[in-house]
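Two complexes come next, and they have one chain in common, chain A, joined by chain B in the first and chain C in the second.
For the complex of A and B:
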């Protein structure tokens, strides 16, 4: 317990410093990632058959839609798409964390609010990347971009996909993508600006009496939540569900939300702990960590709930149009062990390791579990994207590790860079004192 | 040390009759025990009489259901269940708010729950009992109800079908009822002891003494109380989600168009919380008025509950639109037909009643003035519950009445016995609730007292900038 000691910001480092060492390390990380990708590309061009998973797996080409011949570029684009989406989700859900905490008047998180808030800047990287990848490699990821599917009477004509054309067509797809990003980025910048403007207030007492800016942030956080509530589902239909073009599931948007959300919570926890180890957040104690641990614990169970709900309903009803999705994964050769690994990493591990109170307060355990969750949800998205794109040619090789290294380093670079540009602690947040004195016994 | 920011609204207001005085611990005890200790209020007796009349009529219809059989209902070969299962799901949904408030909001440290959790939990228990009554009704032979349980038996190979979601329902709901009951009763213990200590008449003293399980109020007892509260909250949190999830499985595991859709579990849970909060508001607004509890159930509480209604109502709305969109996107003609038929088929009026009550009306709560308005809230809370009843009716009846064989197409119309059985549940529910309101404290005194100090500091004039800014900070500011 905090007891009766007075806590204050006097001993708190208010400004994060992006050190040259860290900068060098991250740039090296990006270079290594890019190098691995390049190496893989060269290798794939020289020995194309080696870059695909061996021919022994050509049986039942998984859920791969359509009859496009496999080429190594498919795996390249699928990997880039996967990593961009994954980190895009982590960034977006960082803003969601910020907005939800404002909307709920949460006090405990006021101290660390700059961390999730800063995640949002990565949208500036992912927005153009998604567009570029779609332009260059969309055809290799999205079966529905094939114009011959829509030619009535043609050999390739697909009645079901043709029926979806009103939604799945390139112009509308691009318009939607642009709308999502302009709304997300626009609201993010707006929230960020108000959040920083709050730091400039000098009359804290007056502000506490009349917290107009705080109320305004709550107001626009609400707007963000509304936009988010709609776009998280629709963007998931666009970017993930339409890869398996025939398949559909009403739960899919919320399932993706759950996955991103746990990953983002793990990233927030990891970032906070690493910052604390660097000497920041001196007022952050085990009680705050306990809450972050509870969040990871609870939403890992929530993800499992959503995952299981979707799986069991499709499995139980056993309708071929729907089971095709899980058939490709559960009975899909290469994917079968990963299917179970997904549950193990995302449910069993966090559930058992975060159950006890002390483990939610121990930084080492939290770090390990957070990393486990981040790997686990990467696997989760891998399982959503790979079977219908690369099918049985999937593998974990240089390209997968290279992409993750590149994106993770870039994400941390962007985060650290933006974190250093504003005060680390929102000193005028009206609930900051609650956060400083926060205990689980409140 | 416990800090509460001055930007938070006070949870307990000043005394109604004396605005210059802060509410004290003693006021809390007096205001809440008053109903239990006073004689029978004529308004209470009138209300009780009405619910007993309704209950009596319901019992007559129930008698007809069981004596003459389910032919008394409007069912037919195509629609094998409609009104009963609609009522069942509706009541189970209503029974979600209490445990959500007491368990999930406890885990989220939402202190405003303290003045509404007791009545909400009581309502939960009665609603779940009402829901269960429809299962017994539909059995036709309620004396065989225990066959739902996997009991070792001498009936040969007779055994429950563990693959059936209806059996999962039996487990989910009975577990939920048990845990909710224990949670509710445990919360009552300190308050029952308070009533015991204040009782002047020996019978009350004896009865409340018995009911309070010898609560002694020692520090150790309180420590155990808090520990058990947290453990039970942890146990009931997954139950809040699981119950309506499994209810949704009753439909979603099937291959009936309009029923089989993967979004059902979370969307049913959201809908349950939506209707549960609406029912809590309906009951609390009346209780607040009759028992003059304005200092404890403040506009702040009403506003927060309305926000939850707005959020869950919007989630439900998004789920409706998602289902509709995916039905088109799937290009499965059965699914597409099911949704078009909902909107424009013979039950169109039920569909549009559902849409307007559940999706459009909660949007009024975007306005702060409406969220804080008692009359609007009361009216809209009833509208929401009507809408949620129609939601279940729409899902159940419209999906069934169009069979795969057009020669089997039929309509369901309720008979007076159907309606009477529904009234039975209302009579039962309100009789229980009125008994609760008279003989037990409707607000958790012990927990309201725990938020009183912070509330008084907030509501008192000139609170606190000085306390909020600690000494060191002032020193820092001066430099």
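For the complex of A and C:
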């Protein structure tokens, strides 16, 4: 490495400060979000038919599965479920970023590793929320929770769904949910504790000679990734795919992973840039940004590959039990433009705007593209959840914006709160020096 | 390859010394012909004052050519020249074209870049290796300065500049 520059942590702020201004702003954000949701609820209760897209808005086909009557509560639960899942994914994939970088012995990310690491704390919010929403609104989201579907000879008996009963039943669903979260949160807390213990090491010279704690984190990161690799697939079958109960796709786990991963990478990039603008990460240069940009660029293409892989197989084979999914989305009036917007925001925009080297190193462009990706993948999840729950009654209104505002503010609040509780820079990370001097080949 | 030029060749042991030497030598107004390193050195091109590579733009153009070719080919074949009923889809069904367009993009970009590599390096069948010092493929850093491009300096001056910049052995002249 060419030693033409000398970097040190001397001018680096080691501790993030959660200022009162930021706290007030985030609390206001949460209040506004909650207010919007409340306002929508009151409005929906007073004028039930106005809170849904009018019945004159007919779809060619598809829509809500089964013969359930639509009520505005359906849209409320679907929106809460959507936002919880979305931010749950961003939090979980933050831990994944941490684990992957340890597993790869990556040096460049050592400077910013506390950012994705701290995302994990939001699991403490989403875990109980998913349980609560399932208990209160599960019947409105999941068609398979209807007991009459399984009564042989009954009017509502559904042979296909009855065949899935061994997997899709409430007790097993809850057991799985508890297993996922205990594994994720358990491993996360374990990794976090070791990461914080590393900061307290006083004999750095001795530690660098024998980085036992670092090796231990690598070991448990591997365990996390093994657990994650299985549970990310199965949890998305449970929480997203089973909403379209009849339908199935073998690529669904991958597809959801890609979507979460890009969204999480965009959040990491955004958080790092905003922190840098606040005067943190003084040693973070365009080379680190370049890597974050490459991550977003590459995994946007990966998402497109998976998305298209799923689409083309179903489109080409043209089997009715599979095409029903895209029929509801492509020929569903309201959803058709969103379907194309999804590809535009998540593929065309990042692909073209992040292609050049300079744009991956420019903070403004990265910020805009990261925001674009976050909106894009919200829409991606919207397209997975809404057609089978809300169906032709879907719309973008107070409830959608309110939920996003509430959850985003809460996520940032949790992030900032936990970030301020530990040193921002992992000063004893064995590869921190490499991260400070990190440069890319041009 | 008929007209040979005379070069002054300096051997360096260390990449840090090399980078400092490049800055010093270029600072004196000497034009460096080329530097050969056994491994990629960070920011070497910046220190040598090379302009930004156009490889990225070339790759994009090759790729775009491939996409255009593939879409044109498929549209003309399936749309006009020999329409076929495939799975009851439209004759020109763009989702069907995506895999082929993708592959053609990759193929054209890859072949184009191989051609670019061969042309810009002057490589071809029977080409003889042009090497200032074979140790540049092992553990030495080799710097070549062309005499004809630095007529402002005498041979002795250039040799002295190179010697003082931290070479690990006496600079030598070579004709290539």
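The rule we apply is simple: the second predicted complex is superposed on the first by the 433 of 442 C-alpha atoms of A that agree within 3 Å, B and C clash if a C-alpha of one lies under 4 Å from a C-alpha of the other, contacts with A are read in each partner's own complex, and residues count from 1 in each chain.
In this section, a contact is a pair of C-beta atoms (placed from the backbone, for glycine too) under 8 Å apart; a residue touches a chain by one contact, two chains touch by 3 or more.
Bear in mind the structure is a predicted one, so any value in this text is a computation, not a measurement.
Engineer: Would you check which partner chain A:344 touches, where first means chain B only, second means chain C only, and both and neither mean what they say?
Structural biologist: In the superposition, A:344 touches no partner, neither chain B nor chain C.
Engineer: On the A-aligned overlay, A:249 touches which partner chain: chain B = first, chain C = second, or both, or neither?
Structural biologist: The answer is first: A:249 touches chain B but not chain C.
Engineer: Report the partner of chain A that touches more of its residues: chain B or chain C.
Structural biologist: Larger number of chain A residues touched: B.
Engineer: Using the superposition on chain A described above, determine whether A:172 touches chain B (first), chain C (second), both, or neither.
Structural biologist: neither
Engineer: After lining up the shared chain so the two structures overlap, which partner does A:321 touch, if you call chain B first and chain C second: first, second, both or neither?
Structural biologist: So A:321 only meets chain B here.
Engineer: In the superposed arrangement, does A:10 touch chain B (first), chain C (second), both or neither?
Structural biologist: Touch status of A:10: first partner only.
Engineer: Could you list which residues of chain A make contact with chain B in one structure and with chain C in the other?
Structural biologist: Residues common to the chain A contacts of chain C and of chain B are 2-4, 312, 316, 439, 441-442, listed in rising order.
Engineer: Taking the touch rule as given, give the residues of chain B at its contact with chain A in the complex, in rising order.
Structural biologist: 1-8, 107-109, 238, 241, 245, 249, 252-255, 260-266, 314-315, 318-319, 322-323, 326, 329-332, 465, 468-473, 476
Engineer: Going by the contact rule set out above, which residues of chain A touch chain C in the complex?
Structural biologist: Per the stated touch rule, the residues are 1-4, 308, 311-312, 315-316, 318, 355-357, 439, 441-442.
Engineer: Please give the residue numbers of chain C that touch chain A in the complex, ascending.
Structural biologist: Result: residues 15-16, 19-20, 40-43, 45-47, 52-53, 56, 60, 87-88, 95-96, 98-99 of chain C touch chain A.
Engineer: In the complex, go through chain A and note every residue touching chain B.
Structural biologist: 2-10, 104-105, 107, 159-160, 163-164, 167, 204-205, 208-209, 211, 214, 226, 229-230, 233, 237, 248-254, 294, 301, 305-306, 309-310, 312-314, 316-317, 319, 321, 430-431, 433-434, 436-437, 439, 441-442
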